[in-house]
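I'd like to ask some things about the structure below.
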Amino acid sequence: MQLQLCTWAEVEAYLHKGPKAILMPIGSTEQHGPNGLIGTDAICAEVIAKAIGAADGAMVAPTIAVGMAVHHMEFAGSMTLRPSTLIAVIRDCVMSLAEHGFERFFFINGHGGNIPSIRAAFYEVHAENRACRGGNAPDLRCALANWWENEAVGRLSKELFPGVEGSHATPSEVSLTQYAYPEAIKHVSMSPQVAPGGGFHDARDFRRRFPDGRIGSDPSLARPEHGQRLLEAAARSIAGQFKEFVAEA
Amino acid sequence: MQLQLCTWAEVEAYLHKGPKAILMPIGSTEQHGPNGLIGTDAICAEVIAKAIGAADGAMVAPTIAVGMAVHHMEFAGSMTLRPSTLIAVIRDCVMSLAEHGFERFFFINGHGGNIPSIRAAFYEVHAENRACRGGNAPDLRCALANWWENEAVGRLSKELFPGVEGSHATPSEVSLTQYAYPEAIKHVSMSPQVAPGGGFHDARDFRRRFPDGRIGSDPSLARPEHGQRLLEAAARSIAGQFKEFVAEA
Amino acid sequence: MQLQLCTWAEVEAYLHKGPKAILMPIGSTEQHGPNGLIGTDAICAEVIAKAIGAADGAMVAPTIAVGMAVHHMEFAGSMTLRPSTLIAVIRDCVMSLAEHGFERFFFINGHGGNIPSIRAAFYEVHAENRACRGGNAPDLRCALANWWENEAVGRLSKELFPGVEGSHATPSEVSLTQYAYPEAIKHVSMSPQVAPGGGFHDARDFRRRFPDGRIGSDPSLARPEHGQRLLEAAARSIAGQFKEFVAEA
Amino acid sequence: MQLQLCTWAEVEAYLHKGPKAILMPIGSTEQHGPNGLIGTDAICAEVIAKAIGAADGAMVAPTIAVGMAVHHMEFAGSMTLRPSTLIAVIRDCVMSLAEHGFERFFFINGHGGNIPSIRAAFYEVHAENRACRGGNAPDLRCALANWWENEAVGRLSKELFPGVEGSHATPSEVSLTQYAYPEAIKHVSMSPQVAPGGGFHDARDFRRRFPDGRIGSDPSLARPEHGQRLLEAAARSIAGQFKEFVAEA
Amino acid sequence: MQLQLCTWAEVEAYLHKGPKAILMPIGSTEQHGPNGLIGTDAICAEVIAKAIGAADGAMVAPTIAVGMAVHHMEFAGSMTLRPSTLIAVIRDCVMSLAEHGFERFFFINGHGGNIPSIRAAFYEVHAENRACRGGNAPDLRCALANWWENEAVGRLSKELFPGVEGSHATPSEVSLTQYAYPEAIKHVSMSPQVAPGGGFHDARDFRRRFPDGRIGSDPSLARPEHGQRLLEAAARSIAGQFKEFVAEA
Amino acid sequence: MQLQLCTWAEVEAYLHKGPKAILMPIGSTEQHGPNGLIGTDAICAEVIAKAIGAADGAMVAPTIAVGMAVHHMEFAGSMTLRPSTLIAVIRDCVMSLAEHGFERFFFINGHGGNIPSIRAAFYEVHAENRACRGGNAPDLRCALANWWENEAVGRLSKELFPGVEGSHATPSEVSLTQYAYPEAIKHVSMSPQVAPGGGFHDARDFRRRFPDGRIGSDPSLARPEHGQRLLEAAARSIAGQFKEFVAEA
């Protein structure tokens, strides 16, 4: 169930009958190398969340499409919220849903750069919940799953793209978006075939080290059919994590 | 062109060849009466923006799906950003795109409650641009079009739903989402047929006056085929406004 | 009754006996063309609020004299709060008065540029009231009247200054300040007689389009006696709106 | 010269010919005991600033009428900005005027509770000026004069109200407002004649210790003619301080 | 007792048996002239607080080591929080301890530049306490002692360093740090022997007037044995103030 | 070298001759089980940073002693900054030092709960640096080392406390503080011997699951001599990381 496609009465019914839990997809809008879409991280988080929601009947919140991507700002089209803004957005979204009785918030994240802000926002939620409601504060719980960080996806990535998965603009994420948006598959030659790897600091440093935006990857190997398998593996694995989170005492 | 479905190199090319303008859809995630979707305002803004982008080749930013809806918070599923958060989001989005050279930002808005925050954010953008860059600040311009506020849409609404358009959970917006998401058409009986009209103050006041969420409307008349006509009328009209905005000296 | 000229015991008595309502004048401190005072918008809001307060016995809060005027900052003497600051000011003022039992806040506004921040602040008030007090939150209501936006003032402006009222540094507002501060009437020749009209974006854009600060107006026609009539028309009309607001169920 | 009563061209001329200095009156809107006006602190700061401006031709900014008065909030009608809001207001006011070339800002303060926020704001101004403009930052200078803290006023208070001046709702400040607003003189009996003295903590503590709002004072001795002498003493003394501030290398 | 060296159970016991009061040392990290340590203000506040805590069994919170020092930023190594940040830090620290039942917060301050932010933070604490908890808010009390502002220290400074104490990088504070950190005594010649005195505005102005960082002082006279005497005088005097604060009804 | 124990001239010299790098210890002030000190995390970060600074001549900033510990707030004495406050503190500290020419900031962290805020702050630093200085922004680099996350410390913990290290109030961190503050060693019996392990959500949830504050650990095994070995292992390992960070192109 997608929150956006429900009526308020349907949400009320959902809260009455079942676990007061919701999936919160969050991504980013930032460069993803020569053939990766700017929306890659938002798309991945969204399609996985919707797949889980469709299979399990879990409610899915609208995707937070713009995340924290200050280190990508030397590439055209990248958008970023300041960490403080993103924290405020997550806090407001969670606190809004908590007003209706939602108690468990499971974030499905598509972007590594979001992690600190998401985790900081969880603490901000707990602080605000405590400050505003004191002893009557509801028991709110937040969890975070980065879609690429589970055994199933890790194994499949290694099988499909041995040694060239890299860490940004990966063939896995590009495949997943190709499966989701086949009309937007880009055919671009890249050189070198495999991008240099490593860490980085600010946006200028990122561009200097990774001139076409990729880190350690060969996304020319991306294929929509690989994307389908990755989506299924991710959805299955994360649905399991979500079930455990909901069942947690 | 959707920003999310472009590569960064495509955005760079767009900025080199044409007007440095972008469409920014913004909606809300809030109750829309017995048969209206919670995502109505975000869906309307998004489909209209995409229609214009598809027809004109204009770049379309990702939709800001959660807006300012504090007055809807007594209905399950409604989400809201505080005005201060929404202003920060808009400021960060505009300033990010301005770093790449975008200069004209045309917001297509689906929700009346967003208007003050959007307009306040425009001033915040101008203030920040001035403070940070002084005399070297780029010439940024922001404009706002509420999709339902144009002659073409007004005329069509009156023709299709004479006297029962109302001002929230309108048959026009419900029709538009029915056309966009036919799988999510809800069949719900309502009583009274036409909701009471009038103003409101805070969320409790809203609920007291408008117990099922509608204001002055009969959205049971919504039909997807009406939605299609409304979409086309809105897109044509707003595309014209956008063209003028881009051409403005 | 002016709050500034009461003792606290008088305010307490006012709250016990009557409607828990207050008039909140808000203006701006910004250029108003060749012969308009920088304080025009604050003066207009203040004298109208005081006139209503004197006639009706309604309480009048101190004027918020500096508003949101970022687009006037290329003219010497203009002052502006950032929208976020102005929102905080309004929120603090309303929440302070609410602590004493005031429940209805009627803003009399002298400046178009304030509107988004005022309306955003109303939502911020509702959000804060809800977050802090939960189910025990008092029923706060806020309303906004722009002094020039009513039938009586509109009709009079058209009669006195046909076709040359314009939209900034208007002969109506200049007249009103001339009536209020006859010692500060300025005799300045202007050219062209009627300023160019139209919209604008940021401060530099404003100055480029409207080099002497006026928009579409001929304020050389301003006269104190016209100001008196405008003041009376505005006060009568807005007093009526206020009465309705107070009586509202 | 009052900024509110000038045109922008007059401000421009002022900045060209003379010291780029401005008087900034700042007060508070808070209880002042049985016969003191809620606006006492704003009125005192304003009339002194205007007297100096009238005598010296110095520019006078609009009064910041609502200050930091959180400790007075148990008395009806008191208004307060949070310190963080007041700091933002002062920062925005100063930075606005600095854009036009003002360089020296002389605050005339009517309320002890404002002092920390004003001084903190001065540092915030310096921090922001430095952060935004780096080496090109203009040389901004801010000074603060509490109107009652000078030898002349101290001597006169002692002479007029020996031993009963106290520290809040003083006969001096009440006299000054009586002179400024003779129509608002209140005749209220008080008991005890002289209020208890001492310090306080939060608003409840204040009310408990000082049930009618006065601290250590007997404001029943206030007289408009004393107010006139106090105003003249204060204006003369502070005008001297201002002159030194302007002349400072 | 130092909070940092207690277990939580020891803190719980402390709160059960005694006054719910705590000493809060706060300093700064900023230049202190040719032979003064950058940590001077934090060290002074800390050693005095610890001495009182050791003698009286009072709880001592961890030192806030970085304060508000924007005016020292032209000297290498100086660190500053913006006033708004420092206010937030103090508010969070006090509110945290208040959650456990602490009610009286006695700040021992080492730096004049902190005073406005500390006092503004006290008001912010009271405002927040009131907003969050309403009528159930605990009675929080905050007090501030600047270690150098008491009769005992004043007398001793005058005796040890007649006429050359000055107001920044004073021989007294340098002596105190020499006693606390004998391994960090610096032997530096200075010229002129006694630094020029006077006031200052922003950081550049400070550097221009006081090129080696001292104001009005001759810290070459600092000696560790003087520091010991000053420490003892300060601790004794401030312990007395603290005792009164704790005993206050 | 400790920044607090240097003069400004020594810092200037340091910046001229060597790498413009600084060690930034950051900890927390929060419960650490029955025998752990509330200052454990701040103490560990500080002594390790000082050990590295003493060995290598690297500059060491003052310790940020209060961190983000909202989940420990059900235990007396725990203090916490909100994530937004901690981010502001880190941003201000880094930006201050950057004004003097420091370019590389190496945080030595003692508390897992700080990690999101620290990493979010790094992004905030990059965003602010970019916004304020544009193309002229200096190349700032920030790195984070959690003292317990390196091969040497991990191996030693396993050897000394096999299977009972746990994840909060660990025998390793308690040992380290015992070595640093032998006068504050606590002898407390605990039951069960080994605390339950697992995750947690907010503060109430933490207390419910871990009633004495420990997670999965047996800190009764802590000994000062183990602490010494752990300190040496940590300092050696992290000194190596720091050297690489400084040498990084």
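By written order: A, B, C, D, E and F. Residues from 1 in each chain.
As a working rule, a residue touches a chain if its C-beta (ideal position, glycine included) is under 8 Å from a C-beta of that chain, and two chains touch if they have at least 3 such contacts.
Quick caveat: nothing in here was measured; it's all calculated off a predicted structure.
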**Q.** Shared chain contacts [chain A and chain F, defined touch]
**A.** B, E
Q | CA centroid of chain B to CA centroid of chain C, Å | A | 29
Q | Centroid distance [mean C-alpha coordinates] between chain F and chain D, Å | A | 46
Q.
Can you work out the whole-Å distance between the CA centroids of chain A and chain B?
A. 24
**Q.** Centroid distance [mean C-alpha coordinates] between chain E and chain B, Å
**A.** 53
(Q) Residues of chain F that contact two or more other chains, please. (A) 73, 80, 82, 84, 132
Q) If each protein chain is taken as a node and each touching pair as an edge, is the resulting graph a line, ring, star, complete or other? A) other
Q: Identify every two-chain combination in which the chains touch.
A: A-B, A-C, A-E, A-F, B-C, B-D, B-F, C-D, C-E, D-E, D-F, E-F
Q.
List the residues on chain C that touch chain E in their complex, please.
A. 95, 132-133
Q. Which residues of chain E touch chain F in the complex?
A. 2-12, 15, 29, 31-39, 42-43, 61-66, 73, 75-82, 84-85, 88-89, 92-93, 96-97, 99-101, 181, 183-184, 186, 188, 213
Q: Write out the stretch or stretches of chain A touching chain E in their complex.
A: 131-132, 134
Q) Where on chain A does chain F make contact in their complex? A) 68, 70-71, 73, 80, 82-84, 87, 113, 115-121, 123-124, 126-127, 129-130, 137, 139-142, 201-205
